[in-house]
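In the part that follows, the structures are each spelled out as structure tokens.
Below are two complexes that have chain A in common, paired first with chain B and then with chain C.
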Partner chain A sequence: MTDSQVLNLKVEFGGGLELLFDKKRSHRVALPSPPSSPPDAAKKTPADINFLIHWLKDNLLRERAELFIENGTVRPGILVLVNDTDWELEGEGEYVLQEGDEIVFISTLHGG
Partner chain B sequence: MSESCGNPNVESEAVMPRKAKFDKGKTCVKCKENPGNLVIRHAVYCKDCFGPLISSRFRHALEPHINATPSGPRRVALKPTGDLLVGFSGGLGSTVLLDLVHHSYLLKVVANVSKGGKAHPRNNERVWKNVRACYVEIADAFPGMKDRIEDVRAAVGRYDGVEFVPVRIQDAFDPTWWEKVSGKPAPPLGLDIDLSDEDVRISSSNSDSTPISALHSYLRKLPTPTAVHSTISTLIRILLLYTAHATTSSHLVQGTSLTSLSINLISSISQGGGFVVPQVTQEEWFPRTSPAPTESATARRSVRVIRPLRDIGMKECAAWAWWNQLPIAGKQKVPVSRQTIDDLTKDFIVGLEKDFPSTVSTIAKTVAKLAPKGDAGDRCVMCELPTQRSAQEWKARIAIRSFTAPDPSTTLSPATSLSPLLCYSCHTTLTSRSSRGAIPAQTGMPVAGPPSPLVPLPAWTVAHLAAPADTLEPHGCSPSDSTREGEQHGEVWEAKKLSVDDLRTLVGDFMLDDDS
Partner chain C sequence: MPSKTCALCHSARPILKRPKTGQQICKDCFFKVFETEVHNTITEANLFRTGDRVAIGASGGKDSTVLAYVMKTLNERYGYGLELFLLSIDEGITGYRDDSLETVKRNQEQYDMPLKILSYDELYGWTMDRIVSTIGRKNNCTFCGVFRRQALDRGASALNVDHIVTGHNADDIAETVLMNIMRGDIARLGRCTAICTQGEDTIRRSKPFKYAYEKEIVMYAYFKKLDYFSTECIYSPDAYRGHARAFLKDLEAARPSAIIDIIHSGEAFEVKQEVKATQKLQQTCKRCGYMSSNELCKACTLLEGLERGLSHAVITDRARQKLDAEEPPSQAMRTIPYFNLPRAPGVTS
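Moving on, here comes the complex of A and B:
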């Protein structure tokens, strides 16, 4: 795989989620391109946050996947920021990632 | 099938378009200039406007309740009658709360001391002379939990001017702790209760168990994981209240966010706490041994429990903590089954908030309008919340609690039974068994000695039971009021199971003849 097919991202975890990811808050991630879908194999599928979530689960998550992912997306109670902006303003999981993006996952489930 | 109903087999693509998570554009609704950074219940805010918004909501929820007499919308000088105690769990809400308290009432005073006019030191005296953060460590209740007092001490230590007050959960069973916070000698003998029957019979305790073993014994005998969860919350609440009283605090603030408040309300109601719904949001607590409320306000020394984050959701708390780089020490979970009412309610409300954020706010705002029906009797000797009169009678009336008829000759007096002195919720917590059997052994609490149905009572309950009647009642009710549940208008009512023959005699006039 060439470098042009890889997206370099900064991924951070907060609110206790870092405990699931090797107890490291900040990660530099080289995200590969997602596999193309069969009907149109020549057309490249852009990497979006949904793909990143699954990639993180398969490659960085160390324990208890159910605390991070649920029904194909992040578990309710996890706030996602894309370049310091709520992902709800950016199309949530369908936001197409860009080179150098900073994605933050913060758990809000650590009680009062 | 008609067109109006639609045919899912044919119209598989005709799905309803997803509603946007924000109402208008992506520009901040406040400054109307900057691009938005956060969506809060369909409204978009930029990072610059978010900070003042949260500070303003925090102060708006807290400041009208600082003075002894609520000040209403008009701004007056803030003069609390005592100090401030922050209930600090290390979780997200209490971390944000402590940061807001420090930012609003400690930091600003230091920043303004060299200025004049409105910023003159005379006009910027500290609202609270002393601010303390109390942390209740529950690690000793369950084997394998990490003691985090030092971690939390470090988290509180980030804030100048905040004193750290650690308390341990087993203090609830420690007569020495009770003497320290109440200023009165603890009763010489402890009391045990029997959780094997619904009367919760009281007996003198002959054991000289340590506070930790008493705590383990108490938790081990609780009938369900929900009861363990609920009991830990009650013990923490009472420990915080008496610590607030002992530190001359007039206010106890807790980091219950809007989301947590909605969870607490639904969970409390589903566990039989409907009568104390107002107290889940805000509470004016008097120690049971203090002077009556007819005396002066200073002599009364009540503790006002406020939740200043009640208009701020978990999402906003997370954003505040992230953008202000607040380290979250983390709140330890009670290691019991995930199937407790609290956990199931939390999963439901957090899931609801993801797709319908305004609905969670609606829960809290709707419940805030509810008022309990009926008079409050005495306060519960366990949780110290108001009890509903005749709660036990009502409970006996609506459900079959036993297959055997009660023996009238063994009518229990409050001296031998705890049931009449408990609120409906605490009685249910102590006695309502799961249909699936006893509590699973996963809590892993050590078992010492042969099994016994007797469990020790918390220190305050022992003291209340041993105290003379005139000091039991700050509300002016006789302590025996709640025990005379069946007595109304001079009549004494008694629940009694009838034999089949007695029943036949009673309804005989209405029965059809066998040969008809």
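Moving on, here comes the complex of A and C:
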């Protein structure tokens, strides 16, 4: 894996989610490329938000994964923003990440 | 697929998909439409009159923080002529409420509103910390809920306000509808969707965010960079509610209108409920003067249980009567200060 395959991202957690991630709101993340699928080894699998979610779970999450991830995506009730835009406008989990992107995860589930 | 321009102004770049309508809208239009919808909810339900003194039940959490901000904005923009206050209840939960009250204190300065904090400790002589260390973690939310309700009324009466507004949003109300269905509590089903409730003598309470989706409240707080506190109570919310919430979020993910549809279902029960409501006569608690449908109000009953070290036994009326027959309550027992009703609205001192 070469350096050019790493994406530098800013990842933020809010609404109580930061408690699962070392109690830190803001993280700098160097995201490695996803492994390419064997039959298509020549074709690169793009790093999308779904991949980032799994990577965060395996690398940054400190406790209670079930509060963050469910059925392969974020748990319902967690809002995601891509560069300050609702991810629902950006293809949700299939949004392909770009160098320098800012991704924000906010839980809505905590008391009012 | 993302459209290039906002569905409302047709010029700016959209930043949000509205759960209610599916529209893709820009930041300015989002602020405007969110605020205008709350304004419409307020005017259509005739919630306020000019000169009303209104307390915002403030927990430091997202909903009440956004509510305080929006109430202040609308009061100025549309000239409601309201006097706004922040009212916070300190349940006495170390590591949770003490931190969230710091947020409310900052809000007091940011929004320039007088703040009143009333604690369980001063009102009941018990903090939630002590209640939980005495009765454990099973019924703590029952105690807390009953105590909070009465504390809010008493705080409001101390501020001499006409009205309490709370940050309950559409998701909260839909969740309560579901819970009442699951419990078979049809009597509560209609009442829980009412935007404004007022018993015989109680202070009016209303929910200006009744039709506001949680997603939009959180997005509003995010884009306005509002300062709120978001930690779960350390005495874990009751699991049943947690399930109802998760279920609701799953429904919403599949079909965003589910929230409003559930509220409408609850509202359909409202009419029948009115007939029932008159059947149980309200009276005042013989011990503390708070409104009650029995001789003793719920808070006095629960407090007596705590004081007598028999909390679990006193939760039902029948159990308490049995207890009284065996051993009458001691005179030295801690009771709640007598509740004097606030002056009727419109009567000034």
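Just so we're on the same page, the second predicted complex is superposed on the first by the 112 of 112 C-alpha atoms of A that agree within 3 Å, B and C clash if a C-alpha of one lies under 4 Å from a C-alpha of the other, contacts with A are read in each partner's own complex, and residues count from 1 in each chain.
In this section, a residue touches a chain if its C-beta (ideal position, glycine included) is under 8 Å from a C-beta of that chain, and two chains touch if they have at least 3 such contacts.
Fair warning: this is a prediction, and the values are worked out from it, not measured in the lab.
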Inset, instruction - Return fit or clash for chain B versus chain C, each positioned on chain A through the superposition. - result: clash
Inset, instruction - Determine, under the contact definition given at the top, whether A:Glu94 touches first (chain B), second (chain C), both, or neither. - result: neither
Inset, instruction - Please work out whether A:Pro76 is in contact with chain B alone, chain C alone, both, or neither, and reply first, second, both or neither. - result: both
Legend entry - First, second, both or neither for A:Asp22, with chain B first and chain C second: neither
Inset, instruction - Please work out whether A:Asp86 is in contact with chain B alone, chain C alone, both, or neither, and reply first, second, both or neither. - result: both
Inset, instruction - Identify the partner contact of A:Glu102: answer first if only chain B is touched, second if only chain C is, both if each is, neither if none is. - result: neither
Inset, instruction - Going by the overlay, flag which of 1-9, 397-405, 451-459 or 505-513 in chain B ends up clashing with chain C. - result: 451-459
Inset, instruction - Enumerate the residues of chain A that count as touching chain B in its complex and touching chain C in the other. - result: 14-16, 76-77, 79, 81, 84-86, 88-89, 104, 106-112
Legend entry - Of chain A, residues touching chain C in the complex: 14-16, 19, 75-77, 79, 81, 84-86, 88-91, 104, 106-112
Inset, instruction - Please give the residue numbers of chain A that touch chain B in the complex, ascending. - result: 14-16, 76-77, 79, 81, 84-86, 88-89, 92, 104, 106-112
Legend entry - Interfacial residue positions of chain C with respect to chain A in the complex: 2, 13-17, 24, 59, 61-64, 167-169, 171-172, 214-215, 217-219, 222-223, 230-233, 237, 245-246, 249-250, 252-253
Legend entry - Residue ranges of chain B in contact with chain A within the complex: 21-22, 26, 35-39, 44, 47, 89, 91-94, 254-257, 259-260, 309, 314-315, 317-319, 321-322, 328, 330-331, 346, 350-351, 353-354
